[in-house]
Each structure stands twice: as structure tokens, then as C-alpha cells.
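Here come two complexes built around subunit A, the first alongside subunit B, the second alongside subunit C.
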Partner chain A sequence: MPDLAPLSALGAETPGSIHTGRLVLREISDIALATLALRNGGTAPMPFGLVLPGPLGWNPGNLAGAFWIAPGQWMISADGRAHTDFACDLKSAAPDCAVTEQTDGWAVFEIVSPEGAAPIGNLLERIVNLDPRILNAGAATRTHMAHMSVFLVRPADDRLTILGMRSAAASLWHALLEAVRGISAHG
Partner chain B sequence: MLIPHPLLGPRDAQEFTYLGDARLLARPDGMAEGAEAAFYDYVYLRNNPAGVHRELWFHEHGDRSWLVVTRDTLTHDILGAELATDVVRRERPR
Partner chain C sequence: MSRITGGVIDRGTTLSFHFDGKRYQGHPGDTLASALLANGVRLIGRSFKYHRPRGVFSSGAEEPNALVRLGSGARAEPNSRATVVELFDGLVATSQTHVGSLRRDALALNDLLAPFLPAGFYYKTFMWPKAFWESVYEPAIRRAAGLGRLSGEPDPDRYGRGFLHCEVLVIGGGAAGLAAALTAARAGARVVLADDDFRLGGRLLSESHDLDGVPAVEWVARAEAEFASLPNLRVLRRTTVFGAYDHGVYGAVERVSDHQPEPGDGMRQTLWRITAKRTVLAAGATERHIPFADNDRPGIMLAGAMRSFVNRWAATPQRTPADPVAIFTNNDDGHRTAQDLLARGVPVAGVVDTRDDAVAQGEYRVIAGATVTGTRGRLGLRAIKVTQAGRSEWVDCAALGVSGGWNPNVHLTCHHRGRPVWDAALLAFVPGSDNPPGLLAAGACAGRGSTRAALADGARMAAAALAEIGIAADPCELPEAEDSASPPQPFWYVPGTRRAWVDFQNDVTVKDIALAHQENMRPVEHLKRWTTLGMATDQGKTSNVTALAIMADLTGRTIPDTGTTVFRPPYAPVSLGVLGGGDQGENFRPRRLTPTHHWAKAQGAVFVEAGAWMRAQYFPQSGEAHWQQSVEREARAVRSAVGLCDVTTLGKIDVQGTDAGAFLDRLYCNAMASLKVGRVRYGLMLREDGFAYDDGTCARLAVDHYVVTTTTANAGLVYRNLEFARQCLWPEFDVQLVSVTDAWAQIAVAGPNSRALLERVVDGLDLSNAAFPFMACAGVTVCGGLRARLFRISFSGELAYEIAVPARYGHALMARLMDCGQDLGVTPYGTETLGVLRIEKGHPAGAEINGQTSAAMLGLGRMVSPAKDAIGAVMSRREGLAAETRRLIGLVPVDPAARLVAGAHLFPNGARQSLESGEGWITSACFSPQLGSRIGLGFLERGEDRLGDIIVAANPLEGESVPVRAVSLPFVDPTGERLRA
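Let's look at the complex of A and B:
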């Protein structure tokens, strides 16, 4: 058997991680993703006991988390399950919905602020043109960043998760790293 | 320019792409009498008002919904926005 080692979205054997002084930027390579869409006229299921949130909403859940991406559509995530066929498990949990595998389509990065909410707020002002009241803790949305489409999830005041196109992972990492370094250098 | 998305709040116009006149939602019935003339008008003719205009915008870097945005072409004031699906359900009752 060939000895194959999985690579992260940034092309390395271990996920990227940089501590810049005020913020920590790291790659999350083990999160499984799949989208769930209602069929026409369908009602929202509760896969894995998960209540699917409304617009701008995010629900961390227990076995899996979800955030709203469009009317009748959600992104479902499961920590540590990127190596499994998560979409198949989700389809079993929500057989009346359309399920699409997304793990291989996205690169997931996380920014953590040991100093609390303020540096994350400063960072958001620099990287996205979004009303700062929209992305409070517990919110998620899609927007435009560095000429790319990204999903932003704010699990807590002091952290931010960014999902970007996996094929542009290095470009997104570069844009985030520049912004994070700017915050650390100038506040 | 900010577009007041009915579900997601005020959003930068850069998140959207523009299509044009919202009358595109009123597609003629291809089987009806005079369908050819109706489709000629539908495909080729657009009003170009100086003033209030209803137009279609696609939330590409967002929830991928189509919006009907009412905009004043003289001042660029955005007077309102609603989901195109809601407009279609209201104006084309089945």
C-alpha cells in the first residue's frame, strides 16, 4: 500500500499557525463540511438534534454545528471529522433534503484574540465592509473580502472563523496574515 | 452604496451583481396569442427612466438571493429592497 499523507489546504503536512503578538491565526484542517438544502416546500429537519438557525444565525450544536447561508440552506460542520464521509452521515440524518459535500471546497481559518473582543472588532473593520453590528458573537454571514467570497462565523467575541475557497487558500491566508500583522503592529 | 437586504441588513453594493430592469420577472406566456410580439418586447425593450426604477440585483457574495431594488437613477437613493421570490409570489398568484 502506498503511504499517503494528507496535506492541509495550505499544502503542508501540518496546519498553518502564526502568533503575531495580539492575535493568533491558524488553519483548521480537520473540520467536515456539508450543505443541506430543503426540497421545494420542505420543512427544516433537525439533523443530529440540531436546530437550524435563521438568517445570520449560527448554532454550535453538540455533534455538529450549523449556520444559515441562504433561505432554506445551511452549512453543517463537524469538528474533527474531515477524514470521514460526513455528507453521507448528514444525508442519512436528513433524507428528505439535498446534501452536498463541502469539506474539499473550503479552507477554514480561525483568528483568536487573547486580549478579548477589541482586536477582532478592529480586524473586521479592516478586512470586510460590513456593518459591525451584524457580526456579533453567535452570528455568521457571507461577504466579500480581498476580492474573494468568504463565510465569517463569530463563535464568540474573541474569535472569528473564516471559510474561503480552498483553491485560493494561500491568497486568503496572505490577506488575513497582513491584516493580523497590521493589528498587532498598530492596533 | 448600501443595499438594505430584507434578511441580512445593510450590505455593500460590492457584494452584489446587477442585472437590470425588474420587469424581467414578468416573463410572457409563450403559448398565448401574440407571444412572438410579447417576447420581442420582453427581450429587447427596456424603459430607461430618469427617476425611480425597479431593478434586479443578485447577492453573489451573500445569500445568493435575487432582490428587487427600487432606486432613484437621478440621485442613486435606494428607496427599498425586497426578495424577488416575494415579488413574484405577490404579482403572479398561482
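Let's look at the complex of A and C:
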């Protein structure tokens, strides 16, 4: 184990978290990420037994999850494995693919609604120009939020995960809080 | 008081508000205008140019007169239309456009000078002396001119933004809009209904007619109850759809808390971008007036507005309940107001109707075939002069309702350059055939304005909109409603010698239009700019068509031949705060922070913006009074010991694939396929036109794995170009690309002690020159097993490395290196020092690779490999570029104390300095602690052949001419001994 202490994307020793309005916002700092891309003409592997989804798709998997990000390209995630060399493990599981470590490329924020789907819907309409019908439970897509490129994953109706540039984590967090404030103002 | 019974206000609650310091009372449901009228306040402001007393003229968004400043301090908002301001407890409003009190405005003198101040007077009057315009005339005119003033303080409010998607957007909540929304929502479509009022109903709230035998307000309430049961319908009240944009996108502002004393912690307004498959525009119509002599006195208003105040707000424009009210009309709608006034107990002095055959429709006097030709009452109307068949009489009245017909609110139909068309039967412009795609106009805004017609049209257009997108709608059951609609008589203004106002907000009179005609400002665009007609907050909603009609009369042409007004967004004023999205200061745009940002901040670093990045510029220490001192200390530390600099911001692109080498060979002008695994090479990229556009290092981690680094500024551009090449130019290549800029924290460790320092953190790697030479790279571990990448590259010219670790560890690694290196003299340095070091080493950066320089100019011409093709290689050899003789050289002032500035132009010594004699320019300059002199980089014609020559660096902006000597690069370590130490 390295004797260096990591910082979260928001720049603290512990991940950011806030319960505001009708939503709980949490920074997820222990998720490992890596992209997997097919070689030209390659066929989709099943790393860790994972079926790689098609466009807009997200597969939570067991050992790792995946969502589609481009033709022949997926983001593979593994909860709780940020401190490991997950990309190396993934490469072993999919040796014929290009694998790139992405764990620290992204700030990951999870938004949970204890009151069901509606507050998540309200949040979405304040952060992304996306028809809410596109992002049903089980879907993932890439879009813009507050002038930043983000991935959105909707694990469930009452849950949303946002991946944004790690370097812009503070700006993304601010935009989320402002959006929540906007929802509160509307009651 | 002029409050009568009835109305759609909550009399059970009393609200207090202040106008010009005096306390008044109103009720929920009031607007500021209705509450002022109910309190007998008729004088509300002064006019823009002549400072004429003005009162409420309308009851809606078209208001030209009743403009007030709302609030105080930083929240003060000038030019607010009292007719659309929802009353709340504690509201504070102040009149504007006067010097001294509102009643005794000192600048009312302007009105006496009116004969000397016609339209365009300042274009002719303030011509000489020219220098006086900015210093004397303009400030004086601005002081005298009306409209309010900004507070000058930062906006304290928050603004939100959001996006809505729907099948049908219904704009307007009147009869047509409600019917459209019901039809579409009942069919199951996702519907957004937006209305700018705080209460749905539109004109239904202003009329006395029943719907299905019940008051219209009750029918609206039933519709609202049904709305609440339809989850697919979203109602946005207090929301103005202000613009139609491309692809079915509409801009709308929701006033979330403008009707509250303070927004508190919430949002003041929200900007909605609504994407609709189809849109039903049900924006209603705006009544027009008939200009006549002195028609601008407080108490004179649109007849339809008067009906609104009486029916909806139970407020009349009288001074006392006994005061009579008169009507001036050219159509039946004016008579409707008279009937409603009488029904509410308001005495009617008479209806002046321009039509010869007009008859009374109630118990009131009709003066048929007559016009109003004058008025009395300095601060409020007292009497009108009525002229019939050449004979005139004065009729006492405290208020006059004017009705000249109705103009459909076609504005949004024109936002894609659509032109409205003239309906000769209606005497009005109606939407043409070139609406924004997917927009259907319904009801009064389409010229179908009776209640029955509007209801039916709303339902019909909603069904048509749904049919276009494949949704079937059942016929909507509609209530029985009045169906009277008669076009007005084509009577546009009352000719006369006194001033008759057409545009109240800009003080434009019939005479001004005649003058524009006389001055040949006849096209409608010229008329507008010459007279200012149609400008400012009301955008001529009550004046444009009337002005066209008057110009048509003067030119002898028809109204449609005279022109139409081009309506552009916004339909109504929109605050810049909400358009800006609300974020200010450091959140104005996204900021990117480096992994060591918080560490640097704790060290007291001064930051500089580098694109979206915040980079440490320098690290001042106690005793340093100037940034130059900090930078010199940092630079000396790198040259003599070891320095640390966060270089994470440089773009990093992961390139994998069996064809990665061949692919990069085509992107870089020099070869990369031949690069050995474990080695790094400097690379230069050219644009298609042959000019250099970016440089950086390229490391080969494995046979099929490279990492390309770019400049900070071009990280996105290079990545985009690589993706374009991969996807579009050479899709046959097996190449995979991923940006990893954020994933890795990268720290430059530079200086003679850098190896010693790194040996203390890198796990078990031989860093000797033999084992890890200049331009080597390797995957390593640091600090007990953390995966890292080590590159032996140097921007400073010293023995140097860059070490990359997963970004979350960047902060800790920087701290560790600082801790470990105290005895080695370790010092953090920022971008300023980075710049000094690279100039000393003669490395080009953004100032040299600026998109206008070639590889040859940079002294890198031999990097453009003739052995292979690459983007830009062929074009770099074209005649124009190949003949370019300017070359990058070093420059030092002959007098070491002399100043060198980037941007200075280079001239032959003793030559006249002109564009023709220029031989180049200085790109970068700094003080070199190493040389104890200022030094610079620059492009000089035949530079490589003129080393040692004295030339002149001229800075004409500051009148400087400095003799400089051309020298070879680099300034330090020309043999590379330090680099390879």
C-alpha cells in the first residue's frame, strides 16, 4: 500500500456529502473506472462475466458495471476498488481490448431521492437539456451540464449518478447545489 | 379611492405598499397599477423626452407610461411596468423621469421647448463643435432623458435555469390557450402551458360575459381543477415566453419570487429552454389607440384596459366615484367598455364614435361621427373636446377610454423572420404562412378574437398540432360563449395642429412621423430609427401599427405597402441576470483545478487563469514585495537545486492500437512509429495549411501504447483532431483514443538535484544516466507501491523529470516531494518561472506557435520528415511558406538595463521604422536571473545568418526604440550538458 493519502475530487480527505431539499448528494470516491475499447474488427468481450450494453445502456453487473460511451467503447466501473489497479485487472479480463485507466479522470456524484422519482426528474430538468424519457432507470448517456461534459447514469428511478471532469468537480458540485436550490424555490 | 365592488381580488387580505414614499393599501390579486388606480393615484411618471405627466395607459405587457423603479438598494429595478407587477405586502415603488417632485418636475420645461425638439433634433443640433459631443452634449442629454437608472451595485439575486421537453407548448393562458391545453392534455400529450400572468384566464378575467352560463372566472377555475388532475400537463404561471428559436426551442422566464418581498435563499427567476414538438401560440391581442391632440394625460387609457381594471380589479381611473368617464372609439368594443362601466355604477359621460351610424348599446350618450380633438387637465384629465360635424364642445370627464381596434400579438410568429400579412377585413396584421416550424397561432393572435372563436380555435389548433405528430385528439367540449366580433372603422388618427402622441414611451407624435416623412425617412426601418418609435421596454406594442397607418396616409400608399414591423426576441423585457444563468464571480464559468491546487493555495500561491484552469503563477514568500522577486528566486532554485511545478494541465491523450505508431506518424510532422518503447520524443503538429499549431512530447509505453501530451491551451483541439483523423480520415487504422488529462497528476521535478530527490520517492528504479537517460520513460511505483509514470523530459533545460500519479495522490505527492527535498533546496515554482526557464532555454510556446508560424520559422524545419506524409507536411513546402525567411532567434539588449517587451517590432539599425522596413517581432521577453539581463525570443528575417547583428526593437506605443543584439539559442546550456547530466 502506498503511504500517500488520497484526496477526494472535491479536495477533501473525506468525500463530499449533503442532504439538501429533497435530495441527498454524495461524492463517490472509491469507485474504480476504466474505459474498454474494441480493437478494429474486434468482438465485445465479457469481462468479469459482464454483458456490455448497447447505446444508452447500463449494466450494473456483479463484479463490475458497464455503460456504453461510444461505438465499441464502454466505461467499466467497480465499486470500492479505486485504490487498486483496476485497469490492469480489466486488461487481464479483456486482453484483446484497449483498456485505459479512468478512475481519477472523473468526479462521481450520486444523487438519491428518498421521496422517489419525482425529485430526480426535477433535478434533471434543471441540469441537462435532455428529454427525461431518455434517461429511464437503467439508462446512461453523455451530455452537457453547466458547460461541462458529463455522463449520466440512472441506476434506478430514485437515483442518479453523474460523472464529470475531476478537475471541474467543484464547479459541477456548485451547479448541482444551485439546481437543488432552484427546485426548492419552486416548492 | 376608486375601488368598486367585485373583481378577482382577495379582499379578505390587505397588503400595504409604498409609492413615492406614501403608504397605500391593496389586495392579493392586484397589480401595482390596479392598486394605484384603486387608491386614486393617476399620476405615475413623466414622459421620456418632454417630461409630460403620465398615468396608466394599459393593463398588461404593452404598458408604455406607468414605468416605475421597484425596490431599493441593489435590488432596485428601474423601468418596471406597473401593469404587470404583482402586488405584495411591503412593495416599494418610486416614480422616475423627473427632477424634483413628480408633480413639479423641473424638466417639464422641455415640454415648453417642444417646438425646438422635434424628432431627430439632436442629429442636427449637436453637430458642432465635434469635441463637445462626448463631453458635453451626450451627458446632458442622458441626464435629461427619461427612464430609470441602475443601482450600480452587484445583483444580489440568484437565477435558475432549466430545460423542458414536451409534445405541445401552449403559449398564453386565455380562452384559446386554455382550450388548446385541455385538448392536448386530454389526448395524453405532454403539454406545457405558459402564461405571463399570475392568474390563468387572460382576457376572460377582464370580461363580463358568462361561459356556459357561469362567470368566466368560474369556468377558468374548473379548467384549472382539471389541469391539476392531469400529470402530463405542466402549468407555468408568471412565465413569459419571450422568444422562438431554432429546432422548436422557446425561451421563457419564470418569475419565481418577484411577487415576494425578497427571494430569500431561493431563485428570483428561472430561465427555461423549452423544446416542443409543436407549439400553439395563443398570445391574444393588444388594443391600439387613436392619436388625438393632447392624448397623453393621466386618465386616458385603452378602453379594454379600463374594462380590465373595472371587471378584474374593481378599480376605476376616476378621482371620485362621481366623476364621469368617456369613451372614444371606432368600433363596437369601446361600447362594451361603456356598458360594463355603467353596469358597475360608473357614470359614463358619453361614447365618442367615429362612425356616423354608431348607436348606443346601453343607457349612455353616443356622439356619432365625432372625434376627440383636445383635452384639459395638467396632471390628470378633466375634460375632452369633442368635435362633430365641425362643431366642438367640451365634455367633463376624469377618464377616457380609447379603442382603435385590436392588433393580434403576432410577435413570436415573426422570430424566424416570418412576415405578418395584412388582413383588410380585420384591419390588422395576422400571422403569415412562414411561422417558426411547428408553431400554430390560435385565437386572438390569429385574428379570431371573440371568446367563442378563440375557444374553438385553440382546440382546433391543438388537435391539428397533435395530428402532425401522430397523436389523435377527441373533440374538446367547449362552453357557450359570446361571439361578437366587428372590425373597426379604418380611422387611425385625428388630424390637428397640436401634438398627438403615437408612441407614448418615446414621446413620438403624429407630427414627428410627418417630419420623418418630410425628411424622407419613409421606410419603416428609417422611421423607427429617426423618431425612436417602437423602441424601449414596450417595443411599440401600442404604436407600431398606428405609426404605419399614419405613414401610409402621408405617402398615399396602403399599410401593407408601407411595411411591417420585424419583431425579434425578446417579446418583453428580460433581465440580463436570468439570461446569464445566475452564476457570477468564480462560478461564472467552470473552473478546472489542478490536483495540487489546494496544496498551492495553502502555500499562498497566486493563481492565474489558463483557459478554464487555475494555475499557480508564483509562490510569494515573506519579504518579497514584487512578483519579480518571487520568480527570480524560483528560477534560481531550479537552476541551482530543484523545483517542483504542477504540469497536470498539459493535455494527455492515451493512444493505443496496433496502428498507433503509423497513426501518429500522420499526425505529427516528425516520425513517431520509430520511437522505441520506453522512450519519449518531442513532436510538432501542423495544421492542414502547413503552419505549426501544437507541440509536446510523445511517450511510447508499449509497442501498441503511446501517451501524447499537448499544450494546455490546445488539449481539446488536438484531441478533437485526433478523433477526426481516427474516425473520418483513416478509419481503417486500429487506433483507440482516450483523453486522460484529468486522470493523472503530473509534476515537473527540475534542477540538478531532481534525480536525488526522485530517488527518495521512486521505488527501486535505477535513475542513473545509463539506466534512465534523457528522454526515457517508464511505468514505476512510488512511495511504497503507488503506480506512476516517470518521464525524463525537460522544459527548463535542466536535468529534469515529470512524474505522474493517479490524480487523487497529486496533492500528497507534492507534499512528500517538498518534505523529502528540504535539504536539496526544493522549491515550488509557478507558470511565471516556467516561462522564464523556457525562454532561457529557447523553447517555443504559445507566443511562438501562434498559428501563424511554420516549423522552419521555429527552427524546426528539419522535423518535417520528407520520408513520410503527415497532416500539413505537403502544404508546409508550398512556395509561400518555403520562401519565408524569418527565423526564431534570441535577443538581448545592448544596454543590459534596457527594457524588452513582447510585441515590439524589429527594424534594421538606423532605418526608418515603417511597415515596409519591419523585419520581425519579439514574441516573448523576460528578465533572466541566469544572465542578469532581459532577454527575448523573436522572429527576424534571415535570423540564423544575422547572429551578432545589432537591430532595433521598437515599441511605438510607448515611444521606445531599444538596440538589441541577435544571438543564438538557447541562452543557457547550449551543449545540453545540464540536460543530460
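Here are some notes:
FYI, the second predicted complex is superposed on the first by the 181 of 187 C-alpha atoms of A that agree within 3 Å, B and C clash if a C-alpha of one lies under 4 Å from a C-alpha of the other, contacts with A are read in each partner's own complex, and residues count from 1 in each chain.
Going forward, a contact is a pair of C-beta atoms (placed from the backbone, for glycine too) under 8 Å apart; a residue touches a chain by one contact, two chains touch by 3 or more.
Values in this document were obtained by computation on a predicted structure and should not be read as measured data.
In the superposition on chain A, A:55 makes contact with subunit B only, not with subunit C. When the two complexes are overlaid on their common chain A, residue A:39 makes contact with subunit C while staying clear of subunit B.
In the superposition on chain A, A:129 makes contact with both subunit B and subunit C. Judged by the touch definition given at the top, the superposed model places A:143 against subunit B, while subunit C stays out of reach.
Shared-chain residue A:103: touches subunit C; no touch with subunit B.
Once the two complexes are overlaid on the shared chain, A:165 sits against subunit C while remaining clear of subunit B.
In the overlay built on the shared chain, the residue A:92 is in contact with neither subunit B nor subunit C. When the two structures are aligned on the shared chain, A:178 is found in touch with subunit C, with no touch to subunit B.
If you count the residues of subunit A touched by subunit B and by subunit C, you find the higher number for C. Residues 129-131, 133 of subunit A touch subunit B in one complex and subunit C in the other.
Contacts from subunit A toward subunit B in the complex involve residues 55-56, 68-71, 129-131, 133-134, 141-144, 149.
Partner subunit A is touched in their complex by these residues of subunit C: 158, 160-165, 256-257, 263, 265-267, 270, 273, 275, 582-583, 587, 589-595, 597-598, 612-613, 648, 654, 656-659, 732-736, 738-745, 781-787, 805-813, 816. On the side of subunit A, the complex with subunit C involves touching residues 1-9, 11, 29, 35, 37-41, 73, 82, 85, 98, 100-106, 125-126, 128-133, 146-148, 165-172, 174-175, 178-179, 181-182, 184-186.
Listed in rising order, the residues of subunit B touching subunit A in the complex are 7-12, 14-15, 60-65, 83, 85.
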